[in-house]
């Protein structure tokens, strides 16, 4: 079992932050995000199965009509993914700023959607569909908030000229996943909610 | 442990706490009888079979206690108390005993003034649970295993508190916590008396856990004894 | 595969940053182990009180009346207090001992050393993971002092008992909410920890450290992390739903029309079985989270003291992976009698039985490793051998519980208590003890006292059999578990056996004082440990005891050998992983 | 040290197994029609598990005895054939056992839980609550009154929430705190829970089933021996869990009819 081919000896500085590709630290960031994506997916899968079970356990499920604002928010989030991707490819800060602003806009939009529902007297405890709606959207919003924090860090490093491509890639990966997760949730809540 | 069954029966009739000290000024008494009209709910035997040593404590089967009546349509366990017009009196300070014996609460209804000390005993050879389902006062829920010391407590707010043993579902009773120290609980012949009343006009209320409440005004002067009878309406279900 | 060297951070100078809020995986590993030690002592004391009560229910426990004036007035334990102790015992042991010590504790300390890294992939997240765990522990313990005391719904917290609030009994108010919050926090902490373990194993291996050369314990921690990543990711949202049912008036787990303490509950439509599914989807893998690190530790220790390679190292790894995979298909065996569709019982039974195959293979590999060995009986070796014995004992009783037809009779009895205490409690504890005796020199730079260690082993080994073997008999006689007193007529003849178990449990617990004494004394006064006292092969033994801040003194090792090279001819019968070829 | 370990492990294994084998503590006599098959499954599993248990412990003891450190200079030996025999042994032995146990066992399980009850079975309703069981017989009209949670009232012994004021089918329902059944009569027990999870366990009947609030779980069985047995709760349900029990009285047909008549008359 000792026949593994050894790679060439590494010639890396102890604390690698350069933009050159392939350093372990940056790779770690990407691995970390992939693992996080796995575990977040699992949590939402668990909640999805909870929704399915809950739907069949009681006769009190009433379809929740999603506020139209959510579709606007969806576009905002998708657009933010695009600006982030542009920024990442060119290492430019404009797209990154745009993403941050759009991300905040998305959260504000979600907050408005919650207020719209509350105005219709649809609260967390009103019924199972509204309960799941709030659980899903609030948890997603919290994860988006975490993503915004990550992007803020990327922005700071970029400004300091200490950003590695793969750190940026990792942050972008997470942000795209947030958009993808949102599309999934939107579909789930539209169809089963 | 002291046998308290007789003592508790005494507690049923007692008006205010009678302490030592100088003889009280002349005081009036309101006494009377509580009866019912209407159809009584069915009295059902209590099935205690899950707790055999409680079954053996009762040679004759015990029946539900939420509507206990006696001869002449009299109603037992009615709390009669001064609900308005009370001129204040020394607070009741003697201890109210509440026993758990043979898987029953003795007495079924214990009346007491706010802050009056209450002691709860377990006379059975097994564990009991006392769960006063209070809403105004803080609710609590404690078990009292065999050999555990009595629970000493008191209530701060007037409230009729249903008491439940979580371990033995059929065990139900009441703590009637009253603002006044002028109260009585009807005995097996439906009679009560409220003593130690200074001259004045009082609103007297009778409360029963199933038959509701009735009130009337009674004026007492000097050391006379006034009669106040109550007729409650029974419903079969 | 890539190379180590990366996350190096300079050693901080302030005391707080070095020893308390440290990002050094070694400090964090020790902190986890210290937390587990506090937790295990707490959990054990709770079990003493419980066992004492079961043997002599009406005898006041000396001093307890003062500590718990509500739960045990005059020292006489109330039924609710017994259940509160039981809930806290189970929760503390499963989460804060069996998960933290073998996995988070030893894993944190040794996984980076094993792969030749200077630290974990994300040291700050690592530190956060520990502090959140500690906070979760404190939140759980606070239930003793707030409101009506700890919850009484057991470590499984079945809804609706756990979901409806204080009407369900004392401790079901604030206590149960604290429990759910604590567990949700614990999940977050372990997710962060697992993320670190996986990233470190994948990305921070030093030069030459192929996956095939990973030490067995690290393989086990790695696989455990993958299990944990999925399991805790399910329990956390489940806890959130439980908290919402309790405080926000939702009805995820609470059906309509419940009357509790004479009050009609304002809920409708929820599913109690949903909680059980979510819980056991986590809960059964959690059993493997507790025991797989033990597998790894034993597989790493046995060859060292048998002076020969582990039999079938690749088979061992494959079996670990098989167990991890199967662990997600078996949760329903906890629910044969739960009211779920009886057809699914058979479907869950088959993988449950199949999972015994890899487990059996692993046991046979250990026994086969002993064949032709030159055993050295250190305390660590004895505990590793004892692990094999108790794991076999606990595993075999699983046959009865994996089959729905025999589970009908044994499900809610002490047979189950015996089974899981042997297989995940005692076995995992033996793994922890073996790991402690083995790695103590590396962690603290001092040797433990071997004589005390051996006494500790013998008395514990006999003790645990006296405690848990009779519980099988109780189970066969139909003795129901989670009873605070035995009032049923058919249980009366079993009370003498309960008293025997109580005495054995108090004895076995007292024996642990030897370990505690050894631990403290050796930490302060033990003989100074050499770099490689056991003549072991893995990377941690190539560096000093204890290792320097960056683990390998700025010279990351280059790995040229597997972890399993023992028994060579010549003056030295082993080859270390970082030895030049 | 190795020899000591071997001796201790051997003693523990043999002592434990002997106590099992002598049935010093064992299952109570079976009183159900389906129980003998469960007992057979239990016995077969016990034999197989016992052989595995003793075999594994003795192998461990033997190897430790044989390969203790006494011969330090002796070269080590590899297990003949490497890990393959272990894998084959475990897979074949345990695999065969699993196959047999599953084939037989799933049939036993199916007989208890997946077969419809016999036609003409006696219908009994059960209400489990913190911390007692109550049973309901349909009474003269053969019909059960509907259950209304808002009417459940322990103080007036209305455990099933019967609407006695309006529901005439409910008025003749007989509610008692013991499960009284005629011998050799198939019983269908429809189990409700008023509050939290409970479980129905009568060791002698070889039956155990959780009761889940919100679900009605039917259970069917037939008792074969008259006598008085204990029904206990095996699902943690709160502080009085230990005390949650009822008696099961299996009566001869005539005794049962007599009992039912007395109960109906007392209504």
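Per-chain residue numbering starts at 1, and chain names A, B, C and D are given in the order in which the chains are listed.
Convention: contacts are C-beta pairs under 8 Å (C-beta built on N, C-alpha and C of every residue); 3 or more make two chains touch, one makes a residue touch a chain.
Keep in mind that what you see is a predicted model, and the values were worked out from it rather than measured.
The most central chain, judged by the distance from its Cα centroid to the centroid of all protein Cα atoms shown, is C. Counting contacting C-beta pairs between every two chains, the top pair is C-D.
A straight line joining the Cα centres of chain A and chain C is 33 Å long.
Chain geometry summary: the mean Cα position of chain B and that of chain C are 54 Å apart. Here the spacing of chain A and chain D, counted between their Cα centres, is 48 Å.
Here the CA centre of chain A is 63 Å from the CA centre of chain B. Listed for chain C are residues 78-80, 169-170, 255-256, 261-262, 270-271, 273, 485, 487, each touching two or more other chains. Residues of chain B in contact with at least two other chains: 126-127, 129, 141, 143, 162, 164, 166-167. With touch defined as above, residues shared between interfaces to two or more other chains in chain D number as follows: 129-130, 154-155, 214, 238-240, 243, 245.
Pairs of chains meeting the touch criterion are A-C, B-C, B-D, C-D. By the touch criterion given at the top, residues 41-42, 44-51, 64-66, 126-127, 129, 141, 143, 162, 164, 166-170, 172, 209, 236-237 of chain B touch chain D in their complex. Across the complex, chain C meets chain B through its residues 57-58, 60, 70, 73-74, 76-81, 148, 166, 169-170, 261-263, 485, 487. In the complex of the two chains, the chain D residues touching chain B come out as 129-134, 154-157, 159, 164-165, 175-178, 238-240, 243-247, 266.
Within the complex, the chain C residues that touch chain A are 1-8, 121-122, 191, 194-195, 198-199, 202-204, 207-208, 210, 212-213, 229-230, 232-234, 236-238, 240-241, 244, 248-252, 255-256, 268-271, 273-274, 277-278, 281, 313-314, 560-562. Of all the residues in chain A, the ones that touch chain C in their complex are 1-2, 4, 6-7, 9-10, 12, 14-16, 23-25, 27-28, 31-32, 35-36, 38-40, 42-44, 46-47, 49-50, 53-54, 57-61, 124-125, 128, 131, 135, 139.
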